[in-house]
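One chain, chain A, appears in both complexes that follow, with chain B as partner in the first and chain C in the second.
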Partner chain A sequence: MPGDSRRVRGPEESQSPLLYAVPAQLPVGRTGRGAGEPRAVFVRAGLLSHAAGSAYIEAGGTKVLCAVSGPREWGGAGGERRGRLLCDLRWAPFSRAGAWSSSAASSRQAGLLLQESLEASLRLERYPRAELAVWALVLEDRGSALPAAVSCASLALADAGVEMYDLVVGAGLSRGAEGEELRLDPDDSEEEAGATMYLSLLPALNQVSGLLCSGEWEGDTSVAAVRMCMEGCQRLYPVLQQSLVKATKRKIPAPQPQSG
Partner chain B sequence: MVLMAPARCCVPGERLCSLEDCAPGYGTYCKHGYVFSSLSGYVVKRSDNGMMPVISVVRDTDSHLLPDVGATVTCKVMSINPRFAKVQIMYVGATVLKNTFRGTIRKEDIRATEKDKVEVYKSFRPGDVVVAKVISLGDAQSNYLLTTAENELGVVVAHSEAGATMVPISWCEMQCPKTHIKEPRKVARVQPEFLNVTT
Partner chain C sequence: MASVVLSEAEKVYILHGVQDDLRTDGRGCEDYRGIEVETDVVSNTTGSARVKIGHTDVLVGVKAEMGTPKLEHPKEGYLEFFVDCSANATPEFEGRGGEELGTEIANMLYKIFDNKSSMDRESLCILPGEHCWVLYVDVLLLECGGNLFDTISIAVKSALFNTRIPKVRVLEDDEGSKEIELSDDPYDCMRLNVEHVPCIVTLSRIGHRHVVDATLQEEACSLASLLISVTSKGTLTCMRKIGKGSLDPESIFEMIETGKRVAKFLHLSLQNVLSQEESLGKKRHKIGFLR
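Let's turn to the complex of A and B:
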């Protein structure tokens, strides 16, 4: 007999696993890197065999996995001649330390930034009446998960062979309390401390495709912050390019030189 | 035609060359007088004698091919009613689609002559494999609109009620080799070059 799906069928007594876990000695704060220095990254494209394209990015403790499917059939509402991009950005229940809170509002806002950033880079007019779907999953969030998801999703789309103007690279930045310096690629403690800014850039065209700010920002500092984010993007760009070239060479055999 | 080796690997957004040197081909776009790549793949430069070389980016699998207006498609009939037949598009040209697309063949698009006397159930049956041409991508309500109003277009594979593959005997009839029952169909006169592709 099937059980009642609405009822939580856990044991009557339960404790948080964190009570038994050995407290991990996570490095807190900026250990050995300057204010304008991002964390070391690991990038890999084309690792999922069942998706049309996929990518994985790890920056410090932040881990993001992304998969792309499509183009597939879509009805096309209101005589829309362009294709449609569908973005789904989720945080895994175990992604953050402590109890999980599904912050639906901030998650939706993050999804919108992801969609906005990617849409500007894609040539959706090449996919009439079709739909591209992007799923991004934050496996672990130790700060700057959203910009990592933007870079990861763009890499996955490129790996799927979707036509686009440029890769999208994301960068995050935080500013602590009043008068503190700007810190590129903040970890979670720095992110919670004060104002944050997330920016997506098309590096080859030098166009900003998405910007999300929270907290208080003033004229001069925000200009400096945007510039710092763009520099951060430019630093990450060659890493993404390299991993994409590697994935392309692995996936697709070189065309045979032909003559005639 | 000359192909220059070795093939270089490129990523989207990479600047390939000036617009004065090469003409942009598949997988590229132009901006500010330069040709940029829009795909991750291999750069291929082809030059027909004396003409400006065409630069394009290729991936071996043409996985993102979509049915376009004027394309010849192979589809399977899913359901019929007195006004139209619903089909599922499976091939565009000779390329198999990863995801099938739904299409519609309206009654008036089944054949070119005596359009008013056409009846859908005398032309198609569910399960038939049909070669058709895309005439429109459709509007908000409908999906791909297809036509079979040419001699080369129509049913290519059909099964009789006995389950045997039927043999075409005229442009409007097919016969079952087991029971010798004739069934009406809008039969395609398959072109020899197509036969090479399908076998």
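Let's turn to the complex of A and C:
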């Protein structure tokens, strides 16, 4: 998102007063849902009229919109016979809590991660000299935006009728200070604590296409975390399938019995 | 990233070799190439190191400067990473070509240091909330011959080991104003504890097996690899899948196992080499880089 030069941003060295406030004692464990329980999701495919395919996902307060355009001609450079996938993942300037910020640098990295996660699921060799573009926009980020964006982008690609092996489903996970339990699908306050993991899975093929984790993981906690993420992906999979079927039925009306 | 083009026959040759645990240069699947480490190679830095693995050559310089602590962590100093992909390494890096790879590696370095166990950042604090040491870690790629991430992480660790920060004292007068005094003795230095600084191990999936320290040719045969950064205690601090392909969950668990095992030996031998080199003191014959 380009910065707005007319906007008065205050002095260069300004800080949020929250930094000086006494940190509130965070409750241990989460309230309202279990550790391995993802937030409720709303999924819809095929909602944008001008895109080849599109999808929208809402997981708790996180809202992601995604459009796919193409395949369109690209030409191909250096004897590359496979098609090319372009991914662009952006955060709306007002999407996060706190001060207004344009996050160009971090969104570039996230775009690369999105591309790596999706590329394994696509049959790009079927689109020689062509280009597929994926535009994902995070409207509101209340935690686990990247996993939601991956699921959303994959659904949009399927809605566009791109040949693929499987849908890609993303899942996020966080773990607070040492010894605390793993929490699937963290919201933004849980995400800040300690260690986080992001994983994307091709559920039918049981293949992991994207993995990124940071923070400290002792012993076998990382293995447990990977398993938990995979479970989360498997739970979301039927929801995505259902919305895809719905979108396709809308697009192609059921055949009417021919009279006479 | 620098890459080579291989024919199908060459790929099959490498693949079959890996399946039989015998790679084209005679190594097994879990063997590193010979690693050359030299510290204190650049005179104008607070710490520097050069590491060469096969045809991958990396030079790291650390400069310590005084700055203000970040507001979120008023009692800690911090590290800044910059990776410069010079066009000397490969013509693909010409102009802005290396920028993307550079930021990717720098982000990875931020990630592996973004926890409490990797380094004691509180020792970099001079005056809480006002002054701290900022370590600017500059990574230069001189030559690319596969396995960049591992080489860079080893070089960063060696350079931090070599870093000597001048000791400063905080003086406070009657009116409460504070002054920072630098020690007169240039050899009166503070050293960093690098024992828990993690190293990255890259495991490249080739066929049904995985190899460590892949050469450029082997990287061309691998569709997906897993980067894991492990401390000397065996704690995972970062893990990332790179590449176009996907990985079987079971193979990920195997790779984590292998990575931890390999990293343990890597840390041990690196620590040995570094202390050995230091024990030589002034007698040490300096070699310099790109030789």
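Note that in this section the second predicted complex is superposed on the first by the 216 of 260 C-alpha atoms of A that agree within 3 Å, B and C clash if a C-alpha of one lies under 4 Å from a C-alpha of the other, contacts with A are read in each partner's own complex, and residues count from 1 in each chain.
In this text, a contact is a pair of C-beta atoms (placed from the backbone, for glycine too) under 8 Å apart; a residue touches a chain by one contact, two chains touch by 3 or more.
This structure is a prediction, so every number in the text was calculated from the model and none was measured.
Student: In the superposed arrangement, does A:I252 touch chain B (first), chain C (second), both or neither?
Tutor: In the superposition, A:I252 touches chain B alone.
Student: Once the structures are superposed on A, label A:A21 by its partner contacts, choosing first (chain B), second (chain C), both or neither.
Tutor: Neither partner.
Student: With both complexes superposed on chain A, which partner does A:A40 reach: first (chain B), second (chain C), both or neither?
Tutor: neither
Student: Have a look at where A:S222 lands relative to chain B and chain C in the superposition and call it first, second, both or neither.
Tutor: A:S222 sits against chain C, while chain B stays out of touch.
Student: Of the two partner chains, chain B (first) and chain C (second), which one does A:L212 touch, if any: first, second, both, or neither?
Tutor: second
Student: Is A:L202 in contact with chain B, with chain C, with both, or with neither (first, second, both, neither)?
Tutor: After superposing on A, A:L202 lies in contact with both chain B and chain C.
Student: Check the contacts made with chain A and report whether chain B or chain C touches more of its residues.
Tutor: B
Student: Considering only the touch criterion stated at the top, classify A:P128 as touching first (chain B), second (chain C), both, or neither.
Tutor: A:P128: touches chain B, not chain C.
Student: First (chain B), second (chain C), both or neither: which does A:Q109 touch?
Tutor: After superposition on chain A, A:Q109 lies in contact with chain C alone.
Student: Name the contact category of A:E119: first (chain B only), second (chain C only), both, or neither.
Tutor: In the superposition, A:E119 touches chain C alone.
Student: Enumerate the residues of chain A that count as touching chain B in its complex and touching chain C in the other.
Tutor: 121, 202, 205
Student: For the complex, which residues does chain B have touching chain A?
Tutor: 1-7, 9-15, 27, 29, 31, 36, 38-42, 44, 58-61, 63-64, 66, 98-102, 137-140, 143-144
Student: For the complex, give me every residue of chain C touching chain A.
Tutor: Going through chain C, the ones touching chain A are 71-72, 103-104, 107, 111-112, 114-117, 224, 226, 234-249, 252-253, 256.
Student: Any idea which chain A residues touch chain B in the complex?
Tutor: 52, 70-73, 75-79, 81, 121, 123, 127-130, 158-159, 161-167, 202-205, 241, 244-245, 247-249, 252-255, 257-260
Student: Using the touch rule from the top, collect the residues of chain A that touch chain C in their complex.
Tutor: Those residues of chain A that touch chain C are 15, 19, 105, 108-109, 112, 116, 119-121, 195, 197, 202, 205-219, 222-223, 226-227, 230.
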